[in-house]
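What follows is a single structure, and I will ask about it in a moment.
Per-chain numbering from 1; labels A, B, C and D assigned in written order.
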Amino acid sequence: MIIVMQQHADPKHIEAVVKRVEELGYKVHLSRGEARTIVGIIGADEHKLQTSSFEAMDGVEKTMRVMQPYKVASRDFSQEDTVINVNGVAIGGQKIVVMAGPCSVESREMILETAHAVKEAGGSVLRGGAFKPRSSPYSFQGMGEEGLRYLAEAREQTGLPIITEVMTPDEIELVADYADILQVGARNTQNYSLLKALGKLQKPVFLKRGMSSTIQELLMSAEYILAGGNMQVMVGERGIRTYETATRFTFDVNAIPVLKELTHLPVIADPAHGTGKWNLVTPIAKAAVAAGADSIMVEVHPNPAEAWSDGAQSLTLERFATMMRELRPVAEAVGRTL
Amino acid sequence: MIIVMQQHADPKHIEAVVKRVEELGYKVHLSRGEARTIVGIIGADEHKLQTSSFEAMDGVEKTMRVMQPYKVASRDFSQEDTVINVNGVAIGGQKIVVMAGPCSVESREMILETAHAVKEAGGSVLRGGAFKPRSSPYSFQGMGEEGLRYLAEAREQTGLPIITEVMTPDEIELVADYADILQVGARNTQNYSLLKALGKLQKPVFLKRGMSSTIQELLMSAEYILAGGNMQVMVGERGIRTYETATRFTFDVNAIPVLKELTHLPVIADPAHGTGKWNLVTPIAKAAVAAGADSIMVEVHPNPAEAWSDGAQSLTLERFATMMRELRPVAEAVGRTL
Amino acid sequence: MIIVMQQHADPKHIEAVVKRVEELGYKVHLSRGEARTIVGIIGADEHKLQTSSFEAMDGVEKTMRVMQPYKVASRDFSQEDTVINVNGVAIGGQKIVVMAGPCSVESREMILETAHAVKEAGGSVLRGGAFKPRSSPYSFQGMGEEGLRYLAEAREQTGLPIITEVMTPDEIELVADYADILQVGARNTQNYSLLKALGKLQKPVFLKRGMSSTIQELLMSAEYILAGGNMQVMVGERGIRTYETATRFTFDVNAIPVLKELTHLPVIADPAHGTGKWNLVTPIAKAAVAAGADSIMVEVHPNPAEAWSDGAQSLTLERFATMMRELRPVAEAVGRTL
Amino acid sequence: MIIVMQQHADPKHIEAVVKRVEELGYKVHLSRGEARTIVGIIGADEHKLQTSSFEAMDGVEKTMRVMQPYKVASRDFSQEDTVINVNGVAIGGQKIVVMAGPCSVESREMILETAHAVKEAGGSVLRGGAFKPRSSPYSFQGMGEEGLRYLAEAREQTGLPIITEVMTPDEIELVADYADILQVGARNTQNYSLLKALGKLQKPVFLKRGMSSTIQELLMSAEYILAGGNMQVMVGERGIRTYETATRFTFDVNAIPVLKELTHLPVIADPAHGTGKWNLVTPIAKAAVAAGADSIMVEVHPNPAEAWSDGAQSLTLERFATMMRELRPVAEAVGRTL
């Protein structure tokens, strides 16, 4: 960490900052320039320091972090890519894994029909929501355990592992009984109670980026799960909130190569939420694969116009099959398979 | 809701949209213009309709909501301002209520010292965190129940009602045993499991705006609590995430008069989180009062440079007393008292 | 345009709005719902109406546009893609055009060296700045006409058409004397004096999206040039300003398919400004091609560490050649050539 | 400037960075930590260095600026507030100056009527646009010189100094012939050709913040004018672009105390553009005064519903008089007059 003192800072204030750094057990590197004095703290444990209390000290102009505040999630911790094996499906490896299914499980028939279509078109994981975070209390809130049972039946019939969302620590046990991967949605990326509880689980977790999380905050949230002992974490880009209104969110494609550089965890792209419109899903899925994503998650529905949620961004079964066909050469163009 | 059809949309597609609206039990107003056909759905129940499935229909260009998607939170529901009485402190009335205290309860001594100073300077509610949402798993996570006990002791000594954060449905019972107001922090504004559970409580809840919540989403989250039957909800502005890096967040002062126009719920301003710097707290507190806020929440610490969290944005006890003195004439200038 | 009246709006106010619409020569479609009355104005000339004065009328809650406010730039105007021919290079056609060169022309030698390297690696257009918009008045401001002369010499030697930035109406004549394509940078996207002057030119113009322009505003700025009579306009995505600080800007990859849907103009992607880091340029260039961009513009410098501007986002000559090799299969995977 | 080297950076790369810093004539402070080596450059001339070329060097992870990149605009340059005298009106002093008038001059009658009303209600400067930056080429573009003549006539009749916008270097001479203050609008904040030309003028300039300018960029743009020799510069907040759609822009009230801390230049607030809605203008004007603004600029129109531009955010003459009455006690509450 770097502490920049104000111009002409009182020597007593500089001394007080130095003393405090030393009290905390760190070594100080002092640089006295013409205009400013700079107090440098360089150590492997910088992630344990907080900048805020130094900024409260007299004579301090600002502080700047030198190192990333996460540890286990970082490339410093592991240079090698983490590959997570889910019932034989390797996520983070050479093959790009496609996860697909409806936003919500709406009935036994629809999830079974969708699961077979996903399987047939080449998808590897079945998604489907049973507990749904909806912005309106008057909207459909998910089928709950009944939905989980239908998902499990779809897995039995197709062999596809299933991924579904968990919203609160209470539900983890139940959801983990059925699901192969537990998903944390964008509204819960900084729900630390949930993250801590998932850290104690020994099941894969897919952590989505919050709609206004920085990449660093996403990795800090991943760190909560990793620090708890659960090393099977995947992170994902699903669109961030910007001033642009032509799309529901702005898919931050930059985040894909940045995440691949900063972390060893698998990186999943969600072009459905990242755009909000079904006709943008395929071009953005291609872009994500071209940029280096390890996996693509999309929403598929037999009849989007009657979907109980997210119809506008759902592909029909036919369109999903077309997307898969078009995605394959792009994957190959960047040295992957699909 | 307005459904705009694409230019030269196929009459069959228009018909299908009309049919679907009617199936859902709504009446249709059809406007055929030179360039576009528009399907209007006007009804008191628009908040039950979702736009997304219509956008999935063939020939639809876009949809636009006419009415707000919340109901109980709206001015349509109640023209009169809601005033919430907390142990004799009226929030939402003529007097501007100041809530102050440390980010975290750090010890019995510090919370008692702070509480007396807050009381003496004219504060009406004591804040203090016992369960803390921290972006790093390596940071102090709060004293838990021990912190709640110290808060309760501070209330006994000073008579100040206490407000503290709750992070997960599990903790509600425990926190509600001690606190007079339960606070939902910015990272949990769309934690619907938590909001639903708080809807069943009969205690005041202060719901902060998420760092990327729209004003509408904030009111939709309030609606979750209200729809559950708990009418004692206050909402608050605490800074939103923008591209500007000179401050930690951008305090959206516009949100104050907008919220006062859209909702009858009391509106609280948090200039500490809204700026991230103690020296900006007083000018922004004044601005918030001038813009019409019903209450101000600030962070106060006996020694911010040694605070375990949020030191940079905490006022010392002396600076808090100064802020109170300076805030009073501003309150009076807009016809309020402090 | 749709005008939503307030709940229980006074009939006189509704009447006044209707009267005003009719005075302006438009037809009214009135929809009286249970809760709100809606005044619809549907006509081919909606782009001539402004919403703001209606919002100033008593009883009006809000207005919403039905149609896009641009005309010549829209797909309604031309379903067919515009292809712009620049000295034999077709932009907007089947072949993806790569434009490359240094941020600034720094000397005769460096631009000639770069031009030959760009040509050899398969680039089709040479870029280079002679008039530079720099955020600091103390930074190098470009070589001016001397730089233009070196660019022209590079064109003679390599046959590559040249593109360079113009910043003010005064400079247009001079710049147009040398350049094949005139570029409008992100800080001038809404410099309407400049756009109007370019509308009178008969030379191709590349208009970059402003760092906080919406897609609609970008097309409105294009409309300024088109409405002036210059139909040779290309538009481009170069990153927008968001809260994320890991990259200099957020490359809005969604904008590419959205622009291809809304306009017939060629769409160019600039991954160098869109990320700010050379190591992200290649993955984002691939993403842009996969998403449907017609052209890629990148910054190339013989020695980025000594570049007078934008060194951090510039590719070396070797890295540019590698990017070209890696981009080719991605172009082919989406049915294009490079 | 601080240059952070990558973990385990090659000693050769560290050496190369040090050598380059020394070649540029700066002294190096080297800090070798356990995990990272940091190269510090501390000098009074940091504003002349650019970070970008260092980021292009091998082994460099990132760079961080220690000092602000502007000089004449900074508080380091002048601790004392700059007060600009315009025909007897002191801007930046104890009295808060209100600038008011229509968005556009629409006719001789309307500008004269408005000027008298502004004067009578206590306004000190008359605003009015003659050259208008409009997002649509089909909108009214301003009356040009005719508008300037009417403004001058209004000045003669009322004694109010006039402020009007200039959009391009060509127009400066003409506009400066009539206007007392030249305004640079938000779309031209980084129009460096215009700023340079205004630096050669000896007349007051009001530079508005761009809708996505950082505070630092605004001051860098001010630096362009100041560095050119024109010291009569005022800067202003007019709302920034965020994800929130309830208001047209988000008025960044934090920017007011931040600007007052960083610069000695007068700070003007524009609540009309900062909100986009007339009913928010008064509360936000109060907030701006409470936060420390030196001046308020608002839009006033005799009949906003028939305004040719910005009707929705314009106050009627009566509402302006009311705003003035309500603003006065707020100004006094913060030790100012109005």
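Everything below uses one rule, namely that a contact is a pair of C-beta atoms (placed from the backbone, for glycine too) under 8 Å apart; a residue touches a chain by one contact, two chains touch by 3 or more.
Bear in mind that the values here come from a model prediction, so they are computed numbers and not experimental data.
Steps from chain A to chain C, taking the shortest chain of touch contacts, total 1. The chains touching chain C as well as chain D are A, B. Per-chain Cα centroids separate chain B from chain C by 38 Å.
Chain geometry summary: the mean Cα position of chain B and that of chain D are 31 Å apart. The geometric centre of chain A is 26 Å away from that of chain B, both derived from CA atoms.
Looking at chain D, residues 212, 241-243, 245 sit in touch with two or more other chains. Within the complex, the chain D residues that touch chain B are 212, 214-216, 240, 242-247, 250-258, 261, 274-275, 279-280, 283-284, 286-292, 326, 329-330, 332-334.
Residues 20, 47-48, 50-58, 69-70, 133-139, 141, 167-171, 187-188, 190-194, 196, 210-212, 217, 220-221, 223-224, 227-228, 241, 277-278, 304-314 of chain B are the ones touching chain A in the complex. Of all residues in chain B, only 2, 4, 7, 29, 31-36, 38, 40, 42-44, 46, 64, 66-67, 76, 241-243, 245 touch chain C in the complex they form.
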